[in-house]
């Protein structure tokens, strides 16, 4: 018995994504503190707050990518070389997220740092979108009986509108970083709730 | 052949938890020492002792979560989107454990640091408890023929009493940290021995 | 039901390779910067550029190893002890890549550092080549009906020519490092495009 | 379809061990160097040599544990709670190896540091031995038709003699560290070649 050909791509991706979400916390260094009062504790924790928020946000962003990756590969019937490399490109951009997250946690008000973080998420989104277009529109690796027009419409709805908004967030960051950060949070919430309509439907069905 | 729909959640969780328990040791830095006598070695190792105890304790705590996670998913017949996200929430709180463990290893007598560590374990426990309630009480994703009342009783016994004691530990930490640390150890021992009655029963049966 | 005997080798290799590609980014430290202008940002990012290029290059190099590893094990019918250890040797040389990559990112013009990096890739290539020779030429663990001569020819084409070029790159690095870096990039591109002819062929077929 | 009950233990163990062998390299820090001559390069690399040897040795030691773990679980028909925890104890001692390896790499001539490293390998060996005794002697989880006496003899040969020698190495380290390091290397070579008699036998058979 041989496992399905998508099995190792999923296992490898799971590994990479699991490491990314777990490495994020390594960017939060244990602070030194002297004065063991509540005021002293708060003073020590205060500079960590942007780091912690960045960590939590990136954790859930990468987790959303993982959930979508899971759903995407559940539909794929067989892998191809081109699919492997589309996936590797996605994993590459995701693997930079701990770096850009740590950077934005240190300098949450700097426009270039926030723009770089938004650009990172944009590029990961573009890579996912390209993989989707290849596998589910152009090549129909899912072997579904839907028409090309239907598959294109689904592709536009799933990925393309989001990409445009990510690109806008990069531009907004260069003008007013807090607005870009709020945009990124809202975008993730949209992605999060997009799948929530079928929240209790068995994933295998 | 497609693997069961819980397979990738388990694989991803295994990855995240495996990384968490292994990253814990990274918080223990190699000390510098000059005087290569037994007294010199002890002097160098002494400040590492709370770190090592914290590492060992967190390793076993996260391992207990993993064992319970393993048993939990063994019962689940199919995954849903909501189950995925309950699980992601649990993994999020577990992924903070290396940070809070390192922190409590550096400041084992500070009440706020100990309270934060207890709070971390409490929140991980709450996330597990919520996942259990969703999957085994409300939705019966295990497809078991037990009544709702029976499932509720099992849920109360497994998770809820423990959560209350974790919450108490957070409060105790703010008054007298050593008592909270002892409470946490006792709680883990209870969780550990809870499953030991069926220690030699094949897990598949 | 027992999984195929190559399953755990693949899972372990996936884990090691997933960690290697993700650890690479840890070598890129978050810089400190004061002047929050575009000029200030560029000044801070400039020294990171060789690190980022090195990270991207090593990511894709290790990913190419992973893709070839995936294709290789897809053909293997059963594992042996000797195959396990050939694979462990390959993983050993790959696991040094984050160190040599970080080193070359810090000193991209030093001939000895570049030679060490080329040597690292050469040794990983040799290990893969030895594994290939053992499994697909000498022992035919794939159980294919091709003749020994055909298997030898495939082996020479797949691995041996590349090894010679890697060895040359080590020598070139000692004379003129930039030429060696360009050679390494070209070599990876050749490896990359070598499999692209069958880019859309289902991998299971 | 549910995967065999040992599947997740193996996946979790693979993850932990994969991370351990890959984290080892993180202990080797990229050195700073100024003088870009061969003499300058050697001067910079010289202090890394014990670290690199320690890294290579621990990589292969943990890899030997992994190979034996692989062979061990291949025989196990079903998992039990007690088996899970024997395995977790083994993983715990293995997860300390990056720390003790880095320590011995920094102070390869210190008797207490070398003794601690030998002790770590001894304890990992004891944990494996205990797991073997539980699963293959006392409980026969492999469901093999061999007699208790045969299983006991195999157990003694596989693990117990090695443990005694590890314990001796701890003692030797306290008297003359280089002799202990040589003993550890020889012990690993014995473990390595112990399985080499069946090097080309399909592992599934």
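Points worth noting:
Going in written order, the chains are labelled A, B, C and D, and every chain counts its residues from 1.
Going forward, a residue touches a chain if its C-beta (ideal position, glycine included) is under 8 Å from a C-beta of that chain, and two chains touch if they have at least 3 such contacts.
All values reported here derive from a predicted model rather than from experimental measurement.
Taking shared numbers over all numbers used, the chain A to chain B interface scores under half, which places it in the different class. Farthest from chain A in terms of Cα centroid separation is D. The two copies, chain A and chain C, are related by a rotation of 90°, based on C-alpha atoms and rounded to the nearest 5. Distance between chain C and chain D, defined via averaged C-alpha coordinates, is recorded as 26 Å. Distance between chain centres (mean CA atoms), chain A to chain D: 36 Å. Counting partner chains per residue, chain D has residues 1, 3-4, 11, 15, 18-19, 23, 26 touching two or more of them.
Residues 1-5, 8-9, 11-12, 15-16, 18-20, 23, 26-27, 78-82, 84-85, 88, 91-92, 95-96, 98-99, 102-103, 106-107, 109-113, 139 of chain A touch chain C in their complex. Across the interface of their complex, chain C is touched by residues 1, 3-4, 7, 10-11, 14-15, 17-19, 21-26, 28, 30, 33, 36, 38, 41, 56, 59-60, 63, 66-67, 70, 74, 195-196, 198-205 of chain D.
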